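Each structure below appears as structure tokens.
The same chain A turns up in both complexes below, where it pairs with chain B and then with chain C.
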Partner chain A sequence: MTVKKSDINHICDLSKLRIDENEISTFTKQISDILNMINELEEADTNEIKPMAHPMNMSQRLRKDEVISNNDRDLFQENAIDSEDGFYKVPKVID
Partner chain B sequence: MKWETVIGLEIHVQLACESKIFSSSSTKYGMPQNTQASLVDLGYPGVLPVLNHQAVVMAIKFGLAVDAEIAEKSIFARKNYFYPDLPKGYQISQYELPIVFNGSIEIPINDKSMKTIRITRAHLEEDAGKSIHDKFDNASAIDLNRAGTPLLEIVSEPDLSSSEEASSYMQKIHQLVRYLKISDGNMQEGSFRCDANISLRPLGSNVLGTRAEIKNINSFKFVEKAIEFEVERQKAILDEGESVTQETRLYDSEKNETRSMRSKEEATDYRYFPDPDLLPILVEKDLIKEIKKELPELFDQKVDRYIKQYSIRKVDAVEIAKNIDIAEFFEALIHHFKENYQQAANWLLSELMGYLNKENISITDLTITADASAELLQKIHENVVSTSMAKIILKQLIETNDSVDEIIEAQGLKQISDRGQIEAIVKEVIELFPDQRDQYLSGKEQVLGFLIGQVMKKTSGKANPKMVNQILLEKLKENRRR
Partner chain C sequence: MERFTLKKLIHMISQREISSAELVSIYFQRIKKYDHFLNSFITLNQESAEEQSLIADKKIQAGNYDLLTGIPYASKDIFCTKGIKTTCASKMLENFVPPYDSTVINQIKNSGAILVGKTNMDEFAMGSSNETSYFGPVYNPWDLERSPGGSSGGSAAAVASGIIPIALGTDTGGSIRQPAAFTGITGLKPTYGRCSRYGMIAFASSLDQAGLLALTAEDIAIFLEAMSGFDPLDSTSVEEPVPQYSDSLHNSIAGKTIGLPKEFFNNSLDTESQRILNQGIEIYEKLGAKITEISLPNVGYSVPTYYVVASAECSSNLARYDGIRYGYRDDNTKDLDDLYRTNRQIGFGDEVKRRIMTGTYVLSAGYYDAYYLKAQKVRQLISNDFEEAFKEVDLIIGPTTQSPAFNIGEKIDDPVSMYMNDIYTISSNLAGLPALSHPVGFFDKLPIGMQLIAPHFHEYQLLNFCHLFQQETDFHLQQPQAFLDD
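Now for the complex of A and B:
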């Protein structure tokens, strides 16, 4: 399987990662290698095997619908880079 | 070329849970910013989501009500994208193996016939927070109170072929979730909103055209308008021989237009994968059975029962059952007032609903109890008060805390149904207006209305109108004989 330069740029775009132009060839090769390894796994016959969603053979424990959390806004906002008036402040985004 | 419209809707329903889908913070609407956002909602490292039992029960309830299959095993997936109101960088949703799939619902079209709309799936997911762009000059404000609010996303097949059908379907789903009490359905607060996928294809073709997705439509009227605008826009493009771009568009209700938001991501761009933090949900058959047993009476059954059990006219039964709050009020009303069910329906639909519409409030905003309403109906039924007096009493009942009897007493609104008393007044009126009497006797029957009016005036509207009419006719007849 071959990965194109445009694929790497697309993945970087989705992941919000910036990489140097000269790194692209490195990542192209590494991601191609990973995909090739996955392709090798495809050779195993899995026709009789059900897809696995989780490695543990257990099911989800459910929580009672109860409000327990308190308002810890001030505590949490101490960790924020910027906050004002109870809001978190982030660089302006207009969609 | 003739084009055929193809529409599928994705409806987001906020589930009426007390706490969030994966955390124990409150889902209450309108609280101060970020006071209901816990570590889990904020996506702190090392926290784990724990699924809300009630959200699962509500999803199953919906599934059963639309004859869908309930997945014995369903899983959560991460939908990855970056936006500041999604702190984790992914939304926990369901992709493969949703909890509900293969359902259908019947919607009324053209007032008469019904159409079956297939429901592809309904899956559980968390809502994102809210970004406010005009709060600060050079920053966006983020409120994460809504982050993690439980949602059920209901996806239809592209079975809808007009804006009216889309609106009808949306209303039907809205009615259903309100009946099931799995959502308050409040559209102003965003508890019920939809995205519409719209495409055109040559009439008769069975290949789907390229679609545009219109986001976040929050009213039945807007869904119609947005679709109408979008259909015209696509038609113009296709008629020019050009092709529609697959993209996400936003409906602007003020300008009544849709405009491009961003070119649509492909599902692969979201890089969905099973969320390792959450184990598969296994739904036991017993739980489904238990929920099935507790399913409430739904719209169609209610209408049928109103007609059969209470002998109410069909149009009225439909009108009452349309809104579960009205239906519940009606049932409480006739629990206390059993004299005449149709009379109760008439009063509810014309008097009480009239008041609600005039004041633009909903029945749940009223402090008036079904009990007090039944008492008032009883007074009308027994001719203690006239219907016009009852209007005044109703207004007082709603606006004060007084009882029906207190209001009647204080305002002197008791209807005069004493035969002797009315006879005396009628006699007086006939003597006062001999010209009108003669006109009537010479065949000008419309003068009767004038004479009735005079009697009502003399009694300040309190005379029983039926009796006034009857007695007046009798007295005039006597005059004729003389």
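Now for the complex of A and C:
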């Protein structure tokens, strides 16, 4: 299984990444090598085996649905490069 | 300079041979003198550490103190520390100052220990050589041209050189044990769910676990008690009582059974490492343990299984880095899509991009069943192998790595060859098992590590075995020559 440059571009679209044009062939080769290594899994006999989602096969613990009123907005927004009046600012989305 | 064990420091404090302020000052002097050779720290916390040491000294003088009061330690830069930069060794988080402490950092703070600084690591813990750090590689104190391993390379190099007595690390596929092996120290990855993951920056959530790098099993036992236990803030934290690990260190291991998986002692292990491991196994035999060969038939699938599961979880976890609420943000972008892509292109290094891309691919439409679902099934097979084995044996022993530390630059351009570094360590992460690496000998003046794997929540047993080994041997006491001067 080998990925093509077009696959790399598609993955970048899905994951909101960008790779420079001159790096695409290196990434294409490296991701192909990784997938070839992963393809070894095909040999494993997994008939009737259920997928393992948690290392101790535990189910997700849920907390009680209680209202906790923490409002640390100002504190959290100290890490934002661009915010105003409690909002995060991004480039214009709607014309 | 003398490398002090945590045990020794606790004794010195309790006997009033040294004050916390003096201790903290000694370690900052060491860091100042030696860390430019190692590059093991990203951020130092000097002013705050000095203030805390004065408060600790008042408590100690008043006789109102705990075991770890006033003891300096370091944390891998993956644990969120309130008001102290937490970068995960990424440009993405170069200026990130967390508004909260991770649970583990908070627990240690409550125990009285003092955070000296944040250690270097592979970017987002993705790497086995510490070369993917945005802040440059860490150098191995045994040979500065070699890698200390990764991803907890900074913590390992700092402890091995003696510029810090103990350090926090994290282990997703071997990131505590492999660096511990490469730098001749002891490293423990506890059971999945033993230590809280809250505030520990996520890489692969079903595999990540906090742990420790130190000079001895005894030091790890003392510190682990302070950072274990149930945390309601981590939904995968396990409600299981925390034993007094220090109490079981001296237990006899006579009659206990050690399994040697035949799949771990094959051609991929170099012959010198094999010879040294055999000598180590003989020491356990002398201590009364019975040795038997076992088989883990599916363990050979560990590396491919891991690179599906870990990459998939990585691609989901790292989707949050858009540069809007925190993280790297570029000024010159034309629209929202360009903003996301530019921030992530510049903020992430190549290895992180490769993992996100691999993870996105295996989760994408049409491939999910073939890759992710298949890997989760194989993960179950690997876990079953261990469960079967632990019906017959108390502990499993094997190598930690295939060979001693490799040179910096040797493997960085070949991801698959780098990934193979974790061939012996990954399976315990997949099965959620606790595992430890301790020094077992030297080859060409480079340390070799031995790995011990135990059933879930049997950390006490790993520490017990390792402690008895360290009473019989002095490998863990040997220091890198370049760091002997005061």
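Please note the rule applied: the second predicted complex is superposed on the first by the 92 of 95 C-alpha atoms of A that agree within 3 Å, B and C clash if a C-alpha of one lies under 4 Å from a C-alpha of the other, contacts with A are read in each partner's own complex, and residues count from 1 in each chain.
We adopt the following convention: a residue touches a chain if its C-beta (ideal position, glycine included) is under 8 Å from a C-beta of that chain, and two chains touch if they have at least 3 such contacts.
Model, not experiment: these values are computed from the prediction.
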Just checking: does A:84 make contact with chain B only, chain C only, both, or neither of them? Give me first, second, both or neither. first
Kindly classify A:8 by the partners it touches after superposition: chain B alone (first), chain C alone (second), both, or neither? second
Quick check on the superposed pair: does A:41 touch chain B, chain C, both, or neither? Answer first, second, both or neither. second
Between chain B and chain C, which one contacts more residues of chain A in the superposed model? C
Looking at the overlay, what does A:59 touch: chain B (first), chain C (second), both, or neither? first
I'd like to know which partner A:67 touches here: chain B for first, chain C for second, both or neither. first
So the chain A residues that chain B and chain C both touch are 14, 16, 51, 53-54, 56, 58, 60-63, 72, 76-77, 82, 88, 90-93
Where on chain B is chain A touching in the complex? 17-19, 23-26, 32-39, 42, 50-56, 75, 80-84, 96-97, 131-133, 135-136, 138-144, 261-262, 269, 271, 274, 276, 278-282
Contact footprint of chain A on chain C as seen in their complex: 96-97, 99, 192-193, 206-207, 232, 235-236, 238, 298, 301, 303-305, 307-308, 315, 319, 322-327, 329, 333-342, 344-345, 348, 353-354, 356-358, 360-362, 364, 371, 373-381, 383, 414-416, 419, 429-432, 456
For chain A, which residues count as touching chain B in their complex? 14, 16, 51, 53-54, 56, 58-69, 71-73, 76-77, 82, 84-95
Residues of chain A touching chain C in the complex: 3, 7-8, 10-12, 14-19, 27, 30-31, 33-35, 37-42, 44, 46, 49-56, 58, 60-63, 72, 75-82, 88, 90-93
